[in-house]
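Have a look at these structures, which come just after this line.
The same chain A turns up in both complexes below, where it pairs with chain B and then with chain C.
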Partner chain A sequence: MREGPGPPAARNKGARTANVTDRFRRPFAADYPARSLHPGAWWLWALGLGTAASRSTNPLLLGLVLAVAGFVVAARRSTQPWADAYGVFLRLGLIVIAIRTVLHIVFGGGFGSTVLVTLPQAPLPGWASGVRIGGPVTAEGLVAAVTDGLRLAVLLACVGAANALANPKRLLRSLPAALYEVSVAVVVTLSTAPQLITSARQVRRARQLRGDRARGPRVLRTVLVPVLQDALDRSIALAAAMDSRGYGRTAGVPPAVRRATAAMLLAGLLGMCIGVYGLLDAGSPVLIGLPMLLLGAAMAAGGLLLAARRVPRTRYRPDRWRAREAAVALSGLAAVVAVLAAEALGDTDLVPPVAPLTWPSLPLLPAVGVLAAVLPAWVAPSPDSPPEAAA
Partner chain B sequence: MTTGRRRLLPLVLIAGGVLAATAAGGAVAAPPARAAAACQGVAVAVDFGSLGGIQAGCAIGDPASGLAALSGAGFGYTFVPRQPGLVCQINSTPNPCNGAPPDAYWSYWHAKPGGSWTYSNLGAGSYNPAPGSVEGWSFGAGQPPGIAPPAAESPAPPPPSPTPTQPPAQQPAPAPRLPVPAAPGGTTATAAPNAAPNAAPNAGRPGTSSGGPPAASPGASPGGSAPEQPSHGEVPSSATGPAGVVPLSGVSAGQDRAQPPAVGGGGRALGLVAGVALVGGLGCAAWWTARRRSRHTVPPEPAGPHDPGLPPEPAGRE
Partner chain C sequence: MIRFDDVTITYPDAEAPAVSGVALHVPEGELCVVVGRTGSGKSTLLSAVNGLVPHFTGGRLTGRVLVGGRDTRSHPPRELADLVGMVGQDPVAGFVTDSVEEELAYAMESIGLPPAVMRRRVEETLDLLGLAELRDRSLATLSGGQQQRVAIGAALTAHPRVLVLDEPTSALDPGAAEEVLAALHRLVHDLGVTVLVAEHRLERVAQFADRVVWLPGGGAAPVAGPVGEVLARSPVAPPVVRLGQLAGWHPPPVSIRDARRRAAPLRERLSAARSVSGEWCQDTIYDSRGGVAGAGVVVRYPQRVAVRGVDLRVGAGERVAIMGRNGSGKSSLLWALQGSGPRHGGDVLVGGEDPARLQPAKRRKAVGLVPQQAADLLYRESVRAECAQADAETGAAPGRTRALLDGIVPDIDGDAHPRDLSEGQRLAVALAVTLAAAPAALLLDEPTRGLDYLAKAALAAVLRRLAAEGTAVLLATHDVEFVAEYADRVVLLADGEVIADGPVADVVTSSPVFAPQVAKVLAPQRWLTVGQVERALAGGGG
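So, the complex of A and B:
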């Protein structure tokens, strides 16, 4: 139902050859109906909201995060295929809550004194005494499980908001040059699903216009074959286009530098692994922790920089980081800062006690911070508006 | 994973110093022998480690879980935020809750009277202590309580002739404290908690009490100050004495057992109403915006028939 805003005139050119030239011309013409925000800004905003949500089990605050993200998505999402992601992630969140609740009821931890219902308890051997199946279900435990599931669901919804708002392909364009082969592969992968959907839609519509009303397994054959053929054609066209643009060529880098690059990357990643382990394990020597992590990160960064020399590359119309991007990212940061500050101040409303049960109350400071994250609904450029001159 | 963690961690509870535990235990612990004579139910020993001495209490009757025994013995507890089931504070110790790191947490122990402590392999919310057994809580890195398990007895079967008119100030015979609802008239103030729901208000049911009397600061009345005849002479003497809590060795009736902030108050109600209104309003605004935008941007289904071989959507080429 939602289609890209390509010019209809260009689409109706039937001939294959015309399509290829059309494909090259298109980015210059109508692909950018409005300036789109840097995808990194959307991701920072959404991760900020998600981090804020992950620190709380207050259903009011979690609901506020959900509403803020939903409002911004409703106001600023485009008509691209991925713009429906928010609803998909909301449904995923409901599944998460359901699973969390069922798991609690079946393997529930025992605490709380308000027993709602007592399920039959499966007898387990002594070596499994830490596990309980069935048994009493308490209101306290149920509330704790549902709010915990809600926390995860809201976190997912924030990721869904970022998916709905940020253009994944443009995000990949912003990756460092050293990761370019990886990003090419990811772009091709990411393009597959929307393209298959579009292709299937077109085939179905073509069938309908021809009066083909077949149902059942025969549909599979009449749809699948053209769709697969279409996918193959596209792959070949894409490969040709990439080759003609010089993808896959590498600059002549001496073997010594190449080996040094690989060694630095490997050592850097290893150092980061050891550093993280040292940080998390309280028993290991101090030197293993933060210093090792920093050293590893520095080596990995150096390796990436060296590796980037292998791929001299220009960016066509790079996404620029401007005031709007900064404002969107900062509004997400405000939510995290407010929640962390409230946590440091000892705000008990962030995590309402479950035993005994209490009514939640909206904590003021985190609510203000989360509300600040609704600003992108006005700050970000509207996908409906005409393109900015500077875009 | 949360579930898994919750299973292991409740075994463990909070706070600070480990070193002083043994010394403090030796100094202030009530003589186990005397305690043995006192508790008709589950004896509970709480070792505050370096943050206080050792206190002991008695949960009369048959508490349903380790947590119920803990609160039945007059100790209040709170969980680690976002990890319900993992005890963080007992009697507000440590304050503030430290999140129960591996070297400063409340470990949970069982023992037979006169036996030795064994680390619980069940959470305190799942374990059902038998009457006559002993529960131990020790703050630190998982070392057992610095006190020999005080003895406890299974409640004896009800003697045939309880003395219903016995004034509460009298030394309560074991019989009235039995969980067995055998003596309808014998509701002296020492009835078991689960047999006297309408007893003194602060004898509240485990886990649900809210707003108990302010706590004596932990360690202020360590076990060493126990009366000679623990509890029996004076504690239940007034109507304010918690009916189900018979101090075993210095656990005073005034222990705070409810750390959660007092419920109620205009601010919290306002916070609830404002939160619901805000979330609802913003949600409606989002729904309305989505509707308005979807009406404005009519799905641009192109008019012409589509050639399946058409190139991908423009966005696919970015």
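So, the complex of A and C:
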């Protein structure tokens, strides 16, 4: 397909040289067919950054993570509707910081000596000892609360970045075959919402034609009923179409395999939950962190592979895992590894002490790791997806 | 390829079977058209081919349906997906994905074809149906004809040996319909696909058919046979067949070409009689004070201008049709004239007032509009409640709407739910509800969609009567045959502008796309309908 016209001999020769240069240039060549990056790569990258952020309360490092994620989103997001997710998650993060701070002021932390203001303290009965409402607000406590909120907000921002960069529908398409039915349900729901709005608008216009200006409960009857009937008709038509097109063809699987599949999936998910907890919670032993996560993931993957035998589907032009995807995922992983390594080396700048208050300094190794995660801003293909935006 | 052995299908809770005694064999590579009145069981018959009836819909099927040697009794639709491609009435309702390429691949993914095969077939299908430029487009942004072609392509990629289509062209303008039919024709001739298609617009498909199956309805066994002969016997037949019957040609022709080759003597007989040109407009002088008048009407949407400064006056008692491509601004213009839709420029006057400034209840007494989805107007549980509601809304005497309804289509069961009625009956109820307010002008958006020839003739008669009583009638449609029967003036719209406005005979005979069949057969004489020819022959002593 990349060959131009020309006499056969010349074309062959051209093809061979093209092949060689291709193999050499392929990974990051700008003219490489710019189908979008595998959504899984973006999620791995974002989760890597997020995990790195969750292990630190250093505002400088957290700010760096935020800047890196924001920069990559700005450089590589598309014009599609989901691309605004980053902004939404940033706002959500601000709310989280605000709540965390207010909670701290109201319920007090009470450590540190730099009292900024003393709120009136509500007297509580004896059994509530340990809980306090009001009282002195210290600078140290406030800083601890804000940085803690900031950590959560940055984690949210990383999730937002993944949402903004990866097409959610394509991510669903990349799910394992065993989860296919779930992903179809989600996709259908996603496309039904706009249809409902169109349908409601149509019916309301038709109501005006009858001179009907119903308000309140009567609107439910005159607008909602036809809209729901319409939605029901549509779903039945869609179900019939999907059935006609082979949806739900299954291959026979013996019951023993089915039970093994279910057991492996459950155990795997449990293992992954424990592993993620261990990894995000800095206080838990190293052993139940990464190793548990890997074990759980392996079990779950095995279960999914087994389950996939039930679904004879194949996939058209699946998103492939190539050098670019690996580079993007690795750059995210670099951030985690750097932070974990710094932790193991006992870098105190990761969680700077708040009492006494000092200006934190940027931990060198984690900063380098987080900076590596800015790589996708150049490595990932530019999402100038052509005709859709024009239409 | 498709064999029905004494098939009878009864839906649950139905008193009579939907179709009965069907014995039918469609050989490989044939294009077979299923005809019949609305509600005669066409869709039921089509859905039985891939087992949607009764596996999906429920109901009881006796007899046997064999497709390519597989019995639908033991094979549910999904197990027949590699053998039968199914294209439903509304292509959009059947789309599962959101881009053209993925939609084309969907059936192949379900069947489990290897990726290399899928890739090749998608490319082939894109070329076959002329969709290559649209491959990355989102399905929602396509035109009606493009969507229909994608739906056909999506059914084709699995390489089915049978393709079943339910009314593939009824929502399309003449140009888009031709696109789709050309694609079908190519499939039958180049790939040998067996095609079974149901369609009301027989003037579009009859010429491509190898055979016709007529469902008489009411439990009678279907009649299958050569196209012209079966159509001549059935109540639904395109004008060219009716013209052939009138002229005594046997077998009746189904294509314009066949008919023209035999039409020379008929043209001679007719040239003695008076031709239609000028007949319509000279006889009638319309009351310019009544009716609805728009001047410089502009309707804008965020991305485009739908109507660009249209001047249009429909006098009291005048019958006008607006035609034009899908998306040429017909609906927007109707809604703007009625006053409920947006209008960003220009003036509209009905009886000296701008309907957009009136209260909705008063507005409908000035201008009534039957929207494209007539069912949107209806929301009560029964026809009786709907009629009573309309009486109450408009302050009409109780029973007025029901009387109007009986004048349009008699004998509709008052207890029936509007959704259970046939398209024609539902349109009649919506029309009666609109007319309850006795509007000075009546606008209709695509009223003939889903109507068979008899229902269309009945609608034309109702509209003529209304016009004769002094109502200004304006409708938007793609249906050239209906326009020839109903209208006395045609306005052609393109890209939001009026490109032609004049008597029907002048406008439609000058355009190959909009000319009715009779005009094509008898050109250069200007006859539009079989009825005119019949009257001329009778009057001219023929």
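One rule holds in what follows: the second predicted complex is superposed on the first by the 241 of 391 C-alpha atoms of A that agree within 3 Å, B and C clash if a C-alpha of one lies under 4 Å from a C-alpha of the other, contacts with A are read in each partner's own complex, and residues count from 1 in each chain.
Here is the rule we go by: a residue touches a chain if its C-beta (ideal position, glycine included) is under 8 Å from a C-beta of that chain, and two chains touch if they have at least 3 such contacts.
Here the structure is a predicted model, which means the values were calculated and not measured.
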| item | value |
| --- | --- |
| Partner chain(s) touched by A:G211 [first = chain B, second = chain C, both, neither] | second |
| First (chain B), second (chain C), both or neither touched by A:F71 | first |
| Touching partner for A:T222 - first (chain B), second (chain C), both, neither | second |
| Contacts of A:K169 with chain B and chain C, given as first, second, both or neither | both |
| First, second, both or neither for A:V188, with chain B first and chain C second | second |
| Touching partner for A:T314 - first (chain B), second (chain C), both, neither | second |
| Which of chain B and chain C A:D243 touches, first, second, both or neither | second |
| Partner chain(s) touched by A:V131 [first = chain B, second = chain C, both, neither] | first |
| Partner contacting more residues of chain A (chain B vs chain C) | B |
| First, second, both or neither for A:R234, with chain B first and chain C second | both |
| Set of chain A residues, in rising order, touched by both chain B and chain C | 169, 191, 202-203, 205-206, 209, 226, 229, 233-234, 237 |
| Chain B-facing residues of chain A, complex | 1-6, 8, 11-12, 14, 16, 19, 22-23, 26-27, 30-31, 57, 60-61, 63-64, 66-68, 70-71, 73-75, 79-81, 103-104, 107, 109-114, 129-132, 140-141, 144, 148, 167, 169-170, 173, 191, 194-195, 198-199, 202-203, 205-206, 209, 226-227, 229-230, 233-234, 237, 282, 346, 348-351, 353-356, 358-364, 367, 371, 374, 377, 384 |
| Residue numbers on chain A that touch chain C, as the complex places them | 169, 184, 187-188, 191, 202-203, 205-206, 208-213, 221-222, 225-226, 229, 233-234, 237-249, 312-318, 385-388, 391 |
| Chain A partner contacts - residues on chain B that touch it in the complex | 2-3, 6-8, 10, 64-65, 67-68, 78-79, 81-82, 84-85, 96, 101-103, 121-126, 205-210, 258, 260-261, 263, 267-272, 274-276, 278-279, 282-283, 285-287, 289-290, 293, 296-297, 299-318 |
| Interface residues, chain C side, partner chain A - complex | 47, 50, 52, 55-56, 76-82, 84-86, 88, 90, 93-98, 101-102, 105-115, 118-119, 122, 136-138, 141, 154-155, 158, 335, 338, 340-341, 359-364, 368-369, 371, 373, 375-379, 390, 393-394, 419, 433-434, 437 |
